[in-house]
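Per-chain numbering from 1; labels A, B, C and D assigned in written order.
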Amino acid sequence: MQQLTIAGTVFSSRLFTGTGKFGSSQQMEEAILASGSGLVTVALKRVDTKAPGQHNMLAHLRHPHIRLLPNTSGVRTASEAVFAAQLAREAMETNWIKLEIHPDPRYLLPDPVETLQATAELVRLGFVVLPYVHADPVLCKRLEEAGAAAVMPLGAPIGSNRGLRTQDFLEIIIAQSKVPVVVDAGIGAPSHAALAMEMGADAVLVNTAIAVAGQPVQMAAAFRDAVAAGRAAFEAGLPGQSRGAHASSPLLAFLDE
Amino acid sequence: MQQLTIAGTVFSSRLFTGTGKFGSSQQMEEAILASGSGLVTVALKRVDTKAPGQHNMLAHLRHPHIRLLPNTSGVRTASEAVFAAQLAREAMETNWIKLEIHPDPRYLLPDPVETLQATAELVRLGFVVLPYVHADPVLCKRLEEAGAAAVMPLGAPIGSNRGLRTQDFLEIIIAQSKVPVVVDAGIGAPSHAALAMEMGADAVLVNTAIAVAGQPVQMAAAFRDAVAAGRAAFEAGLPGQSRGAHASSPLLAFLDE
Amino acid sequence: MQQLTIAGTVFSSRLFTGTGKFGSSQQMEEAILASGSGLVTVALKRVDTKAPGQHNMLAHLRHPHIRLLPNTSGVRTASEAVFAAQLAREAMETNWIKLEIHPDPRYLLPDPVETLQATAELVRLGFVVLPYVHADPVLCKRLEEAGAAAVMPLGAPIGSNRGLRTQDFLEIIIAQSKVPVVVDAGIGAPSHAALAMEMGADAVLVNTAIAVAGQPVQMAAAFRDAVAAGRAAFEAGLPGQSRGAHASSPLLAFLDE
Amino acid sequence: MQQLTIAGTVFSSRLFTGTGKFGSSQQMEEAILASGSGLVTVALKRVDTKAPGQHNMLAHLRHPHIRLLPNTSGVRTASEAVFAAQLAREAMETNWIKLEIHPDPRYLLPDPVETLQATAELVRLGFVVLPYVHADPVLCKRLEEAGAAAVMPLGAPIGSNRGLRTQDFLEIIIAQSKVPVVVDAGIGAPSHAALAMEMGADAVLVNTAIAVAGQPVQMAAAFRDAVAAGRAAFEAGLPGQSRGAHASSPLLAFLDE
């Protein structure tokens, strides 16, 4: 399978995960290990080293193959995002940042204008920026031009588990992008993740669907395999769809012989 | 993972495959082995032992973990189907039969009335019958009552690769059936196969999408993994979908502190 | 607009309606008149002339442009259906019958085998038979061959309002049928009805979506207009869909001049 | 039917149309009259009064009930858009402007950042601004706050005729917006337009699907009726969808009596 490289870092898995909503830090750790993920997002709030429970949480993420990706979840403007990214860089000793700016408390949808502005500023400040955005092809192109290391368009509202509701636009983004495309938000089942990979997405980020599953560790492994399968299918060359039928079994001649 | 049992035979894989459209018998064999499939359909015509090439073809399917499932592809009526099944039983030394009756040469869609009649007759004759049918919940129930060992409703026209276009009805069939439900026809990508398993289907049958892929062996492995992932997700308990958003990252408090 | 003819009777409207679930007979009458419908299904039970309320109900349907279409709703077998049809012919003085055979009390889905058998028998007995069936192209062809005056494939389970969930198969039925195709069941909004007409269906039957609307009379008129619009669009020649964009406005040259 | 008011102007029709791609100015005029539309977009290039054919074209749009809406199609930045809007105001004697900024020549998708900036500037300059945008709920909210008179989110790429591929996000936009929501681009059939209205959109803009239809005048009338039907259904209260079935005909009791 082709390697995925973001900002010079090679990832052996195309499944990225998050740390929210798990029942316990122990369960989170087991699920993330089962997922095979090498990039794990962490909300800045969670890495507050003064909170004793949080300190413990970070310890569960210390594995040599895992890179942490702090996110700016909760900020509403570009300047808040820049501030949060700087805090995260200090606290977590990484210049990678998942940029999330959502002024809307209900659907948690990202703000395109603030996101572009913050991306440009954070790139200038030396960050490796992965912005979470609507599946807007023009915006993704501008983020790429502003120096984003990857773009993270959404499939559906965060936590909705509705799958790739933006499929038509993800296809355009994937066709046009020169940086990796990571489908984020809305992926609610392994089949959704496989579909994103079959379409040629470079990676997917899954959190809710694993964390709130009946059995999160098994679900994480299921996503791992579905992502690998979807990517393998993309590389193996999927056949096209058609309206009519095409027999896979030859019609029997014996009856007429 | 829970075992799948059909007519007393246990299958370790929930991916069934076919033998049509491959570039060579060698490629077919490699792909089927890569798929992990334990049940492989063969058109009766192909097992004509008088044809030298065909004889060779059967040799490629002789593996201890593989059960052959002759199909009646090409017949148009119940009586033709019964005749074909009897020929197949003799030629292939198995009383398992995939019943396919499609009078329509264009879309190869199955005939419900002939299929029910042939199922009843073949069950009486001691066959293990797996009928290929439209995703018609009432028909599937009647086939079950007539003694079918499993039902094989279609997702889309054979070879169309269009996926689960009958999803609403497959859900009803799965909810109602007391025999295994094998989704057949139309599955064109690993994501389709994963979705069928997530819905609770017992197995899927894939042929065209593997055989005509750019690299059939890799595609077979991708289907193998996607089927396993979809089933694992089903057993691990998929979360529901919702319209609104549900934050996976807690909102940051630090900005307001 | 092209005329619709079923069994020699010309219909000026391609919207057929039902009589169930209305708040009152008065409301039903107003809604049916607003719909412009010329063919109205009535459950045999409702025309029991001994029940005083029912008698009144029939009176509300006596309009010169309206043909009544008794249905066999509630029967489970071909023989029950034939018996019900004969009762209906006597009670309602029409040899038209909407054949509905649904043994399944939960989803009310039709039985293909009993329906084909009853159709053949009722045609022999001189009925004009309009069978309600799953969207099964092979079955529809056989019903046509058995003498059905039209076929009535379902879009989705009765009363579900889910629209054309069987679209791929309705397209095949429409392409193949030599008798009128009336899409029945599941049509829950005027847009669904318009879509059926745009696909080339000959008519649609709508009941629940009108009867349980907030304002049934206005909803009936909305369906009337949507059906007419969908048919007009079909006849006017809808353009195809494409993946890319096609500018409807020419790009401005003045900026570069 | 409830009135639609944009910037103090009342529109009796909720169908807006465009002027591109028609076979002739005569055909365009007939189609627009048949559509009942009271708001018609015109590309600035087309109103170049020095071009003899163009002059003639404008004459075909002079009807008392029609308000012209010049668009900025072809511009790539906010400053080009402001310049184009000023030219349009002079040439067409209206301060209404449909703001279209699409730097991307292939899919003609709008730029969110430039559009927000140009909207603010044009509002400051006294324009009534109707921006064409991606179906991005956060952007639509910001445009509203910047003084846009309406928002015009897209359903699918311009001219693709693919319908409401952004449905999940249009629903959020409609639920949140305090200014009229006009679904623009991608509407390829009357059923698509009806669906937009049923969802509660305030209006739709259709151009390609009418202009390139086999018979544009009849197609325009079909869209007129479908839009009215969809709106009437919205106001009459559409019933919800469900998974199970709900009988519209009572089950027959007579068989058991």
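The rule we apply is simple: contacts are C-beta pairs under 8 Å (C-beta built on N, C-alpha and C of every residue); 3 or more make two chains touch, one makes a residue touch a chain.
On a predicted model such as this, the values are computed, not experimentally measured, just so you know.
Judged by shared residue numbers over all numbers used at their interface, subunit A and subunit B contact each other through mostly the same positions, with over half in common. Chain centres were defined as the mean of their Cα atoms; on that basis the chain farthest from subunit C turns out to be A. A straight line joining the Cα centres of subunit A and subunit C is 46 Å long. Averaged Cα coordinates give subunit A a centre that lies 34 Å from the centre of subunit D.
In subunit A, the residues touching two or more other chains are 107, 109, 157, 162, 168, 243.
Chain contact summary for the complex, subunit C toward subunit B: residues 102-104, 107, 109-113, 116, 134, 136-139, 141-142, 156-157, 162, 165-169, 172. Listed in rising order, the residues of subunit A touching subunit B in the complex are 18, 20-21, 41, 43-46, 48, 71-75, 80, 83-84, 87, 100, 105-109, 157-163, 188-192, 194-195, 198, 207-209, 211-216, 218-219, 221-226, 228-230, 232-233, 235-255.
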